[in-house]
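Shared between the two complexes below is chain A, which has chain B as its partner in the first and chain C in the second.
Then we have the complex of A and B:
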């Protein structure tokens, strides 16, 4: 009875399709927003912002994006790292070509460019499915990394082959570059996270979200009720890539400051984000956040405990991280494909009825 | 019966049957060497319940697949509401107002009953994606209007209690009913049902027959259905087409078809020469 629905009657269809059907959920969400915007920036140390909060926010955006494509629309992608690179390099080119353009718009434009690239690589999805599509996106991943490495124009022919973000400000505060204060970068990313999470919720509860899920669950049945499979899949590729492009843009410009494509956006990133949505929960917004939090926190916590506290060598701790993640992936794929989000739902159901088991 | 005048007439139970809504002309469909449909022609009239019957493998499902665009016949043509239909994709045919259910249930397993039926409203929802992303305004209004239609269907099919249940968890009979609901949600002009009562017990069959009759009567929906249960077919259909080995062997009212010697042969398994 901790978690109550009683007395929380729905009297219209508007209420029934609200983002958070239970008032308590809505309050938790509002509390999270207040905490994230008004409390965290003032109480968190720079270390925590850099080691945990920033990667968490940025990868939560990528996880939301991949979840739209894979979790909602059922199209597996191993190209996330490559698409993040598209976002990052778009940002770099736009920043250097248009020094006066506000970084906020540059990030959004980078998302739009990535959406276009995503559509291009999504075209084969009409013909190929599942494993074969995964391989095709894997090819996209390697092609994109290779291209950003080889074509000098993308990194303005810099000698190091790296890209680095010059200083840009928003409302007088440096967001990128060496002088950016961690709390400013954090807030900048946070705005994107809340906006994109809200957009995801709206998209997934309406017509387009249902058409994605219809294609995922039974494509021939989707077709006989009027869903155009190619358009629907491409819309998922576009919107998903938009998110992933923004994530890559923020990862490069706001978080890293400088990047080398193979290291920052290699295949490991594709797997990292895929693991986030598998562990967090396919087809769940909450799961995207839970998975991102988990994958970001796990190595930090393991390091704090085993390396710093017990004194194990760091490479051993890194291996422990791999073992745990690998085990969890197997566990979730076999036992609970809806990930942490489903476990959370089960706990909620139990709390709702507690202490009466039925 | 095919030479019946195109004018409308009124049935014994007072329903109005109009002109031809669909005409299937000389359709031949081959899969490699297998001829699934051989030169078949028939029509479906506005407002009627048209049954397609025949032994296993007769080509009934293939015929529906031709009508809704999954299969492309090598020969023949299809007229919908008097117009010859060019090559079209299944989703375009759906947009013209033809809905169907499948012999093997094809629901969206990961979605609730409500979402499955809401998905059936797809062609009636028009808000562009960016408005759906913003939600407030047109998208929300449209969602509520369509939700109201869907709730009426849910009431009609008496499935209020399973509104929020993931369809994968429902028993077979209810899944069939939800699938009918999803097809109805499209408010089709022509509804194709592939064995809507297969695998059901007597009580479930009675319910389903009643729903089909009510859909036809209350919404005036034209229905073409495939069914193996002869009792049901004879009870609910206005006219029956009989297929056997890809050929049409009978076409007419239930009584006419029942009296047709070729049909009797096919059903009693008399060998063909």
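Then we have the complex of A and C:
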């Protein structure tokens, strides 16, 4: 009944290669975008934005980035936290060095800088694979955090080693700093999420995405049929790091406002984003969003429910949180090893046939 | 759109959960889980118990009940921000995050929201400059004054001469641990000692290499800026390399029972700087026993009463309650707002007389806060751990820190913050100005015991 191609005729090549070929799918995504852009900003409160929406949007970008590298190109990375730190510190240096530069461009520039760093650390991927590559990216994680801690130039030699984002505006509205209105920071992040998600969707449908997947599925076979492993792997590292750099930049400048590399971009961030794509689904854009939502929203909802609504002691709720989130991760991995995205795919298959399954 | 439904559900829960009762809300951004829980629990218990005592014994502050909103941060800045956002809507009067990282995060946010922060003995040290930081207070003492206090004690033991000595700083590799470095470097050039910096990464369980370096370099003194599990491990490692304990100093966050007990007898003689007294030999503990513990209202497990960090949490709560009382006096209203609370904090005066009234005679030094100085005098004493009696005791007098070194650093750092954030450097009215500010008039009225409504009556009568 739903999600059927039947009756959805394409009369031109442009129509045939549009982002969402199925009409119903397209309409749902368009409705979601309209809702997110035109309705949600009006109901945004400080709490909703700062505790729920911003972490969700920013981690969705990071998860998209890691999904490109790990999910589509098959290169395992544990350096996400370090690359986010590169984005954050680039943003800080650019913001303080060029006070007049628009924050929008600073975020994109930070992404480009991170892409460069990502390519550098992606070079070992040409020789090593699998777990060995994971260890190499782990080295990137520790090296980058160490460097941002050690070299005073990165934090402008401030006494505490903290970096803090000064106020910057877009179209006259404060985006960073304490005076940013919640709907402004929300929209600013949403623009990036929307653009990057669209870009990912189209990248993964095209030549580049197909060559990534070829390398992922069997790199020797891919090489034989003419996929250049150097260019493919490094492009995956570059684009993935570009995304992660942007998320790190937004995470620091728009969400946190002040950050300290060891705490904000430590190894646990790398694992968090990795869990997001594993739970959400490797090699799926919807999975990146679902995973980010799962990992960001669940602790908050549990806390709201148990601590604020039922009124249990906060330490009990914190422990319970670990148990429930951990348990759910195990549960999902057993029941649906391919993540929430696979669950969604199954639902879609069912919906196509419903209500006549035979 | 499952997500949206979830968000809306969460939103409704938040709205339903927030009762709009008339009370004084004191959020407690505490941590009872994670690697810092051993230190977070006693502080949170002391903070909560003091307000319970006020509610039970006096019926609140100025007749209005105090409500402590607990929110678990796990010493994590992101959860700290979430806690801040979820509690600020309930009329939170003052934030005490007990984490330097979270304090840094909240300084701009809380200032924009017109809610004061009290980072007692932690946070951004230069916030002592009230000219720049309108909503941040770190009285009665800050990190740089702690560093100076430790060096003063070392100077005392060396007849005022540290020429050629080596002092190692073992610090938590975070904003917190890095705070004292500038002051110690400055003091080092002044007194001629060499500073060895040894960073320990979060959470601080692995310190073998740092202590190997201590063993190799043989510093004359070791100063520790640690928190949570890092403290216990450092003291144990120092015992392992047989480092003389009386040459080992901790900041006030590295000097509680939890830190020294695991090392057993070896920790005997370990020293720590402090800005308030230790022990449970104060009349207030009888009241806590009677009104809180016996009534079954003690926070947590109720087994922390009288420990160093419990006392500090209680002291923090006491200062907050006193500031709220001051605010009630200034504005003549019982149900104060966060903005009024800020005025109260800025006009806070702790006298020996008042502390005796509160059942805490001689618990901390006397001090007063002003618009210019949000930091207080910063006097500190040295406490020593005695293994045999299993107790901390104060072994020196309260000494004034070397403000000649600290004040320029405070001015420099706060000026940098003001420049970064485009803030005025002179918020407070100059002292010799003829015009009095509203705050000054209010403070003046408070000292002569005049209320706003009384003043209005007088003005009306005069017309």
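The definition used in the following text is that the second predicted complex is superposed on the first by the 320 of 358 C-alpha atoms of A that agree within 3 Å, B and C clash if a C-alpha of one lies under 4 Å from a C-alpha of the other, contacts with A are read in each partner's own complex, and residues count from 1 in each chain.
Quick note on the criterion: a contact is a pair of C-beta atoms (placed from the backbone, for glycine too) under 8 Å apart; a residue touches a chain by one contact, two chains touch by 3 or more.
Worth saying up front: this structure is predicted, and the values here are computed from it rather than measured.
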When chain B and chain C are modelled together on chain A, clash or fit: fit
Touching partner for A:264 - first (chain B), second (chain C), both, neither: second
Broader residue contact with chain A after superposition on the shared chain, chain B or chain C: C
First, second, both or neither for A:307, with chain B first and chain C second: second
First (chain B), second (chain C), both or neither touched by A:52: second
Geometry of the superposed three-chain model: angle at chain A (Cα centres of chain B and chain C, steps of 10 degrees): 150
Partner chain in contact with A:227 - chain B first, chain C second, else both or neither: first
First (chain B), second (chain C), both or neither touched by A:320: neither
First, second, both or neither for A:44, with chain B first and chain C second: neither
Shortest CA-CA distance in Å separating chain B from chain C in the superposed model: 27
Shared chain A contacts, counted only where both chain B and chain C touch the same residue: none
Contact set on chain A toward chain C in their complex: 32, 35, 40, 45-48, 50-53, 55-56, 96, 149, 158-162, 164, 166-167, 177-179, 256-260, 262-264, 266, 289, 293, 297, 300-301, 303-305, 307-309, 313-315, 317-319
Of all residues in chain C, those that touch chain A in their complex: 1, 3-4, 6-7, 9-11, 13-14, 16-17, 30, 32-33, 37, 70-72, 74, 76-78, 81-82, 85-86, 88-89, 100-101, 104-105, 107-109, 111-113, 124-126, 173-176, 178-179, 181-182, 199, 201-202, 409, 413, 416, 420-422
Chain B residues within the chain A interface of the complex: 68, 70, 89-91, 94-95, 99-100, 102, 106-111, 115, 118-120, 122-123, 125, 127, 129, 132-135, 139-140, 142-144, 147-148, 151, 182-183, 186
Residues on chain A engaged by chain B in the complex (per definition of touch): 13-14, 16-17, 199, 202-203, 205-208, 210-211, 213-214, 216-218, 220-229, 235, 283
